[in-house]
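What follows are several structures.
One chain, chain A, appears in both complexes that follow, with chain B as partner in the first and chain C in the second.
Let's look at the complex of A and B:
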């Protein structure tokens, strides 16, 4: 295999405000032709800076290549003029970024953007460019490409847009495609589709791919070669097998172990013997009205549809599902952050749905929320002690010293130095900020915590530490959690039971281990199959769920899942299945639950 | 290269600090002028002397004289009180009321929002100067009415900016968190929404000071503004227009003072905003 791109001793400095920081130091990396190389590392490790240096786009981000060479076709990219780079960028090396919505211009149609790019690089007529664009869209498996060409970016889903962005990058048959976290913003099902697409394109176009990701499992799925970055240097590189079977560097070891740890240490031991039910939902529904024109029938988004569930004391109930499945809305309904349109919520057997102000306040004291965005959840103008002390000021009449004492106590509970209380949110790291959020949530000794994607924005190593903290707090304080996340491994790790949601309905609830090993609903199975794994032997031997989640404005008739279900029958199309008890602790809403072996085989 | 950039940064911060000090000094000077005008200016602003008419700036008349032989510097010093009061008060009233309207319509439900915003739209359709003329004409010319007129004309701008901010901030995580903790509307508004919505208002207010002075000028020019022996800066500026070709100093220096004052208020406002924001305190 010949080497296409070779990075030799690359160092890059980046200007951040008033400081000049060395972002990348002495990086050596080779990419062979037709090879997929994964650059793995946590945020701030220099992955993106390296990729931007290869395109020399780093010059526009306040950075400078301070040493080393980037050899591409016997040319040193590091020393080329920007004008000469224009001949390479897009033509020889193309790039796809994380957020396709910002990569495409919102005021032009998809077609116009293709025509512009194609005509920039090739002397063809508009018509020829248009047809070329349709061919490109076909190549990335976009259904009805001709009509998509006339649509605007906002009319397409995230997965579709990422396909468009990839097609756009392919316009000039680049030899090297740089993809920066292309699947991070997508659901696992769509992620699996995009990964398959990239593998397929590599075969067809014989291009090389530099794949940047923070997710080890994604790297394990797609890479030929993996390079692990940490604090601006590559600490280890080798083939996938070398890296995952025998990680050498301590950092790689911790990464691989924390990923494995998630898979092993699931909360399978049913340690919450308490059968006391804390929170119960009965037939909860929530509709959002859509803006409609006058004299037109009002239309609604069915966010949550007739959901019933119960949470015991000391138990964690995980909620999973693709985005748009209504898990976040359900969570907000449970803690009364939003009012339900029908159904009841029972807190310790008492109906709190239409409660008076007093019962509402009592409920708020006992149910708390931890949000995904660690930064926006904290008032930027407040010190940590004011933030954590807010619940005390609302619910108690403690003196200033009393509040300070409790704040220090709770800071110790979440393993933070009490000295943190005088800091501001922007002065501390993401993981620490989430601990502050948790501290604020537990300071009143609540019984129930809603964890809405509470660890999704954190790096893997930090994530597992926060999970450990949550488990510890649950044991010590007897907390009940509802844990919402799109990362399936995390949910499996922390949950006792897991509920799977699809288009506003819960389709299956089961104890975590059983759900993962013997899923009963075809959707559950598809979701888990799409989940990337670092188990190399399972790599790419899977069934990928095709299509995307339908619009919740007009959900499919009968069983919502029938449009994507490989086993759907006439009955599924016409009649909605009800939640059926399969065995103790297991309920599923499917006409043909996957119990019998032959039906499982059908899915292969 | 790195050393060079660091040097540049240091020079930048030195520059901004001295700029801040200069602005503060200038505003202090204007405030002193407005309180003790007689101690600052040697000539009486009311003394007319035809033989001294249209004199160019000299040691005796630092900024020259106007067509009646009045000393421009004295006029500016004595006029500063008028301008200062008009500029600052009208911003306080307009910004305060506009901010309140914006807060209510941003925070409350759709019906209140629509009602308030339509009223603001109506005010907005009337040109600012027309609005001010209307108020002055109804209530009669006086400094207080002038301030009121200018405030009302600037209401919609403040209300719109505040509303936008509140709409944005009320969906921030910490506001939801505060709600889930159990704090009421007042707590959420006072402790979370208001402090985080104010910075753009502050910037707008600092620019508003200059705008108000200029708008008051227009009214004074139309005879609807102040009826005072000593004209305010805006009126001085409009006086100079007729003599721009023969005696540029009559219009130039009042204009310069207005500009310098607006810029100084702006710089101070910026600094104050940075001071309030803990994120920029580190740098």
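Let's look at the complex of A and C:
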């Protein structure tokens, strides 16, 4: 295999405010033609800076290449003029950026953006460029490409947009495609589709791919070669098998172990024996009215549809499902942050739906929430002690000294130095901020915590520490959690039971391990199959779930899943299945639940 | 369509509100029209004054006068001036042209100057040129119109004898006043465009455009500028309002005929029909411009247009 791009001793400095800091030091990396190289590392490790340097886009973002060479076709990119780069960018080396929702100009149609790029590099007419664009959209399997061309980016879903962005990058048959976290913002099912697409395109177009990701499992799925970055340098690189089977560097070892740790974690979860039910939902529904024109029938988004579940003392109930499945809305209904349209919520057997101000306040004291965005959940102008102490000022009559004492105590509980109490949110790291959020949530000794994507924004290592903390707190304080996340491994690690949601309904609830090893609902199985794994023996061309989650405005009739289900029959199209008890602890809503034998075989 | 209709309804509401407000405010102000009209030598509360009042219809209750006025509006009758018995509509139309010419050309100055300086300032961010432009725009924003007007007259008419300082009719006579009136708006637009260009440059899609080899100039003029225009267009509506208000002063400084001068004179003479008519005209303009602004968003930003469907 010949080498297409070779990075030699690359160093890059980036301007941050008044300082100029080295962001990348002495990076050496070769990409062979037709090869997929994954650059793996935590946020801030220099992955993106390296890729921007290869395209020399770093010059526009306050950065400068301070040393080394980037050899591409016997030319040193590091020393080319920007004008010459415009002939390489997009034509020889193309890029797909992280968030597809923001990667396209929102005020131009998809078609216009294609025409602009194609005509930048080829002398063709508008019409020819338009035709060419439709062919490109077909190549990335976009349905009805001709009509998509006339749409604006915000009219398409994230998965579709990522396909569009990839098609746009392919416009001039580049030899190297740089993709920066192309699937991070997407659901696992869509992620699997995009990964398969990239593998397929690599074959068809015989191009090389530099794939940047923070997710080891994604790297394990797609890479030929992996380079691990840490604090601006590549600490280890090798074939995918070398890296995952025999990690050499301590940092790689930690990464691989924390990922594996998640997978076997469930065993270490505190075994909850208590049968006392804390929170119960009965036939909970929520719909949001849509803006509609006069004289038109009012339409609704059915966010949550007749959900019943219960949470025991000291138990964690995980909720998984694609975005738009209603996980977050259900969570908010459970803690009365939103009012349900029908159904009841019972707290310790008492109906708390609606309720007076006083019972509401009592409920708030016992049910707390932690959200994903660690920063916006904290008032930036308040000190940590004021933030954590606020619930005490609202709910108790403690003196100033009393509050301070409690704040210090609870800071120690979340493994933070009590000296943190005089700091401001912007002065501390993301992981520490999430500990502050947790500290505020537990200071009133609640019984129930809603954790809505509470660890999703954190780096892997930090994530596992916060999970450990949550487990410890659960054991010590007998807390019950509802844990919502799109990362399936994390949910498996922390949950006792897991509920799978699809278009507002719960389709299956089962104990965590059983659900993962023996899913009964076809959707559950599809979801888990899409989940990337670092287990290289399971790396294969998967049965990828086709299509995307349908619009909740007009959900499919009968079983909502029938449009994507491989087993669907006429019955599924006409009749919605009810929750069926499979065994103790297990219920599933499916006309044809997978048999035990079938489940094991399909998941091999 | 529905959107435009609802905007139209709102616009009519605003116009009606301003007519009503002005009607009652001018009528409760102290000072008796009849006494003023009769002149200083006629003593108050004589037969002449009573007669005058009756003729003008001022002896009727205020509410009746109001209904009468509104009814007149629907027939295109804005009343007659107290001062010289001319129909108000004619007086207004006579003065409309010069004011329109002034505000529109000031707007032109503001937009062109603001756009060019704003783009230059953003492109040369934190360089010397940017510094100069930022100081200039700050001066433009903070200096009162009349002072700029006087300064312009002193430099270009008195010292350099380049341009005429007063009067209206010719194009030359329009230049100084429109610069004088336009400079504040230019300052505001410059600062706004600079900031919104810099903000739009940080949008992630700009990075991906560069990654596709699109040239720097095309990115700036086609992609960034279109984004940066959205807040600037909002500002245009407000700037237009300020210009209408500013024309009162500018027309006085440059001794120009126009609605602004007309209002000032009418207030002096307590010529209520003229005051009301001018305010009505101004309100209609202001509302029209802002409606245009609202509608133009829908062309600049498809997200607004399509979200209504």
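To be clear about the criterion, the second predicted complex is superposed on the first by the 590 of 604 C-alpha atoms of A that agree within 3 Å, B and C clash if a C-alpha of one lies under 4 Å from a C-alpha of the other, contacts with A are read in each partner's own complex, and residues count from 1 in each chain.
One rule holds for everything that comes next: a residue touches a chain if its C-beta (ideal position, glycine included) is under 8 Å from a C-beta of that chain, and two chains touch if they have at least 3 such contacts.
All of these numbers come straight from a predicted model, not from anything done at the bench.
Look at A:497: by the touch rule set out above, it reaches neither chain B nor chain C. When the shared chain is aligned, no partner comes close enough to touch A:560: not chain B, not chain C.
With both structures placed on the common chain, the touch criterion links A:25 to neither chain B nor chain C. Shared-chain residue A:337: touches chain B; no touch with chain C. In the superposition on chain A, contact of A:47 is made with neither chain B nor chain C. In the superposition on chain A, A:486 makes contact with neither chain B nor chain C.
Those residues of chain C lying in contact with chain A across their complex are 2, 203-205, 207-216, 218, 222-223, 226-227, 300-303, 306.
Residues of chain A that touch chain B in their complex: 13, 15, 17-18, 20, 64, 335, 337, 360-361, 364-365, 367-369, 371, 373, 375-381, 387, 390-391, 394-395, 424, 426-427, 437, 440. Here chain A touches chain C in the complex through residues 52, 55, 57, 60-61, 82, 85-91, 94-99, 102-109, 116-117, 120-121, 152, 154-155, 165, 168-169, 171, 178, 293-294, going by the rule given at the top.
Of all the residues in chain B, the ones that touch chain A in their complex are 1-2, 5-6, 9, 13, 172-174, 176-183, 187, 191-192, 195-196, 276-279, 282-283.
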